[in-house]
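One chain, chain A, links the two complexes that follow: it is found with chain B in the first and with chain C in the second.
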Partner chain A sequence: MKRLLVIEDGNEYAEFARLFLTGHFHILVAQRAADALACLRSDRVDVLLIDLRFDRAVEADLVGDVAATAKRLFAGDRERALRHLQDQQGVLILAELRAAGFGQRAVFIHEFLPRRMENLRRLYGPVHALPTFDCAALLRALEEED
Partner chain B sequence: MFRSDIRRAASALAHDVGKYVARTARNVPEGGWTPELASMLVRDLYDLRGERALQVFLRLAPEATSPLAAFPEWTTAHDLLRELDAMEPALRAFEAPALEGAARLALRVERALRELALRVRIGAPGRERKGRRP
Partner chain C sequence: MWPGRTWIGASAGLMGLFVLQACGGSSAARDEQAWRLAEKAYQENGDGSAYRLWAALDATGPKGRQAHRRLAVADQHYRHAIDLYRTNQPGVREAMQEGLALGPIDPAHYLTLARLCAERGIGFRAVDFYRKYLNQQPAQAAQARLELASLAGGKDPFPPLFAESSRPLEAPRPSPIWAMALLGPLLAVALVLRVRNRRRGLRRMLADRPEWHQTVAYHLGCLRHEFLKHRVGPLGEPLRAIARAKASAGEHQFLRDRLAQGTPLRLAWRAQLHALERSMGIAWKLDSVDPLFRRARAAMERLGRQRWPIRPPDAKRLLAAHAALLAFDRQLSELVVGLVRCSVDEALLREVVESTRSEWATGKVPLDEIRIGPVPPGVEVDVLRTDLRIVLKNVVRNAVQAVAAAPTPRRLALDVQVEPEPTGEECVVFRVRDTSPGGLDAGGSKGNDVEHGLGIVNTALRRYDGSLQVVPDSDGYAKAVLVRFFHSQRGPANEDAA
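Let's look at the complex of A and B:
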């Protein structure tokens, strides 16, 4: 059975996966980039399901430097920088995983604009996105071969 | 408020409310409600990441202060979420007609919030206040 790594700051994706995808995938779960990397290094993982917004994650668990982001993008405003990193955390985690050599297909449940999607694919290879929790579409996205 | 903050709030509504209220609703086969699925729908609506969906909605886009409240999609979603709030006793009793009705309403909430996020992101005409980019 294929192995799916769910990466999210809560448990909503994992709960959904356990209810709707268990017959198709063995489900693994990570709640931050470090845990995902540890999982990928120790287990076989075939595909990634990643949440985009990690708004419940604390600063210490986030990929990205709040101070540097504040200086670079938000005129020193740390609060807005933190929100930005939380909002984009799923993509930042994917970048970390790719930089560490893990190229598995990644699926987001988020409505990216087409241009953003093209950019994500250009940067990170096999990336797919669905706008909604649609079990049938999600299974297709997870099981397709790139 | 910065325009980017308005886009962020609309995106958060679509993500934190729209996507999750429809998480179960979209995937239940007709006539296929099980206690497990019904419980998950109840969580989607009344214990959504620790809050009721209507509370999350109003926290992210308060009626009194959020520019998003001027959009018709905000009003649609708000009214539907209030309707869903009133259905709580029937849903907690796992009454099948109520579950099916709530699922339909939840999907409409999701649609309204996706439309709102898209409208704000692509800069379609709206009535939001303009802000200076940082």
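Let's look at the complex of A and C:
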């Protein structure tokens, strides 16, 4: 059976996956980049299901430098920079995983716009996204070969 | 004549200022609090009534000093707009908006505006300006009332903020007394409620208040993400399974966890809406007055009111509510897209440079070369065009003033680049390069010094998620000021929401 790594700060994705995808995948769960990397190094993982926003994650667990982001993008506004890193954390975690050499297909439940989707594929290879939790579409996205 | 609502608001604000002064406390705290009152009045009323509060601020305190400077600079823009209008030149709306971005208008200008509009046959706008003028109880009230009474279309050049008052009422048509007696009050109440609710609807408010767009887009994004995507989105699968009578115990439990456990649906919904309402400073509930939100609330309430275990017929009813909320999500997405969007092209850059060079102090600095462009095609930012012009004009003004003291050749260049971000988003970078070796202190942008304009720049950068950086440059340029904003997300949905 294929192995699916769910990466999210809460447990909604994992619950959904356990309920609707268990017959198709063995489910693994990580709640931050470091856990995901550890899991990928110790287990075989075939596909990634990643939440985009990590609203509940604390600063120490986030990928990205809050101060540098504040200076470069938000006129020094640290709070806004922190929110940005939380809002985009899923992609930043994927960047870390790719940088560490893990190229598994990544699936987001998110309505990425076409231009951004193109950028993500250019940056990170096999990336897919679905606008909603549609079980059949999600299964297709997770099981397709790139 | 009854005093206007905004006049009452301003009077209450002034009373607040007196109370503040009477109550003592540290002068810095008083200064801060008085400023907050004045700023709130401007944000809420957005017209001349706030002017009294701003003008009454103590000019010896830092906030008061800043307010008085802003009033002075804003007044130059308002006067410029009036001159343009008087001489039938373009740019009235832009000049007005530049003034509005800084501070309230001196109500004395309303009489001039009213007369100019009356001359051009823009009756409803003239009436509006006359009323705003009279609301301030001015010296020339009698004459203005006579002129107002004589008024009975044309192209309207003024921004929406100046259109808050109602249009002149039509004379009532004669009707049977009994019908008037019975139906009149009811119809009047219904009409008042309908008009009031329409004015309180989100779309209408957003049309009048572009300064809210960024914040509203963010809060609608939170509502879509937290509530509609995470809480409501996953309900479809288990509901369909129950409707087909094929649901497992796990799927029943999954539904129960989302509909009956944790924060009740109704409270989660209200918390999201409350954050949105608070960000706009409105005292009414959007889901009571706005049909879009009212329908969504009804669907949400249907989802939250079910008996356990859910039976197949109930699941079908709940699926309809679920579909209504997904439709609401799409409508929010459409509402948010394009709220604040500005196309960036060479014409914009040229307009910025020409406008800055037309200023007296900046225009007299001789420049050996001004390069404009290139700008990549299809660049858009989520920034009001007026605010973007203000930001860029300030940066260009600083650059011109800096090269004035530099040796020749004095060169200036303005171009645009698009930089990819690791998140897949893109940044639009406006690059203002010059040959002055003296660096602009980027830290200055943290202050609020209107004289240098960087306070305004900083406010706009924070409002629109932008940044300003000074970097050394090459190709004969000593430095470059980089102004960054996120590239607009094109397409049917707004990124904030997901």
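Rule of thumb we're sticking to: the second predicted complex is superposed on the first by the 146 of 146 C-alpha atoms of A that agree within 3 Å, B and C clash if a C-alpha of one lies under 4 Å from a C-alpha of the other, contacts with A are read in each partner's own complex, and residues count from 1 in each chain.
We take it that contacts are C-beta pairs under 8 Å (C-beta built on N, C-alpha and C of every residue); 3 or more make two chains touch, one makes a residue touch a chain.
Model, not experiment: these values are computed from the prediction.
Look at chain A after the overlay: chain B and chain C clash there.
Contacts of A:92 after superposition on the shared chain: chain C is touched, whereas chain B is not. Touched residues of chain A, counted separately for chain B and chain C, are more numerous for C.
Of the two partner chains, chain B is the only one touched by A:56; chain C is not. Judged by the touch definition given at the top, the superposed model places A:1 against neither chain B nor chain C. Shared-chain residue A:123: touches chain C; no touch with chain B.
By the touch criterion defined above, A:113 reaches both chain B and chain C. Contact with both chain B and chain C is seen for A:73 once the two complexes are overlaid on the shared chain.
Legend: residue contacts after superposition of the two complexes on their common chain; A:15 is shown touching both chain B and chain C. Within chain A, the residues touched by chain B in the first complex and by chain C in the second are 12, 15-16, 19-20, 52-53, 55, 73-75, 77, 80, 87, 109-111, 113, 131-135. Residues 225-226, 229-230, 233-234, 236-238, 250-251, 254, 257, 326, 333, 420, 422-427, 445-446, 458, 461-462, 465-469, 484, 486, 489-493, 495-498 of chain C touch chain A in their complex.
The touching residues of chain A, counted against chain B in their complex, run 10, 12, 15-16, 19-20, 52-53, 55-56, 73-75, 77, 80, 83, 87, 109-111, 113, 131-135.
Here chain A touches chain C in the complex through residues 12, 15-16, 19-20, 52-53, 55, 71-77, 80, 84, 87-88, 91-92, 95, 109-117, 119-120, 123, 131-135, going by the rule given at the top.
Interface of chain B with chain A (complex): residues 8, 11-12, 14-16, 19-20, 22-23, 26-27, 36-37, 40, 49, 110, 114, 117-118, 121-122, 134.
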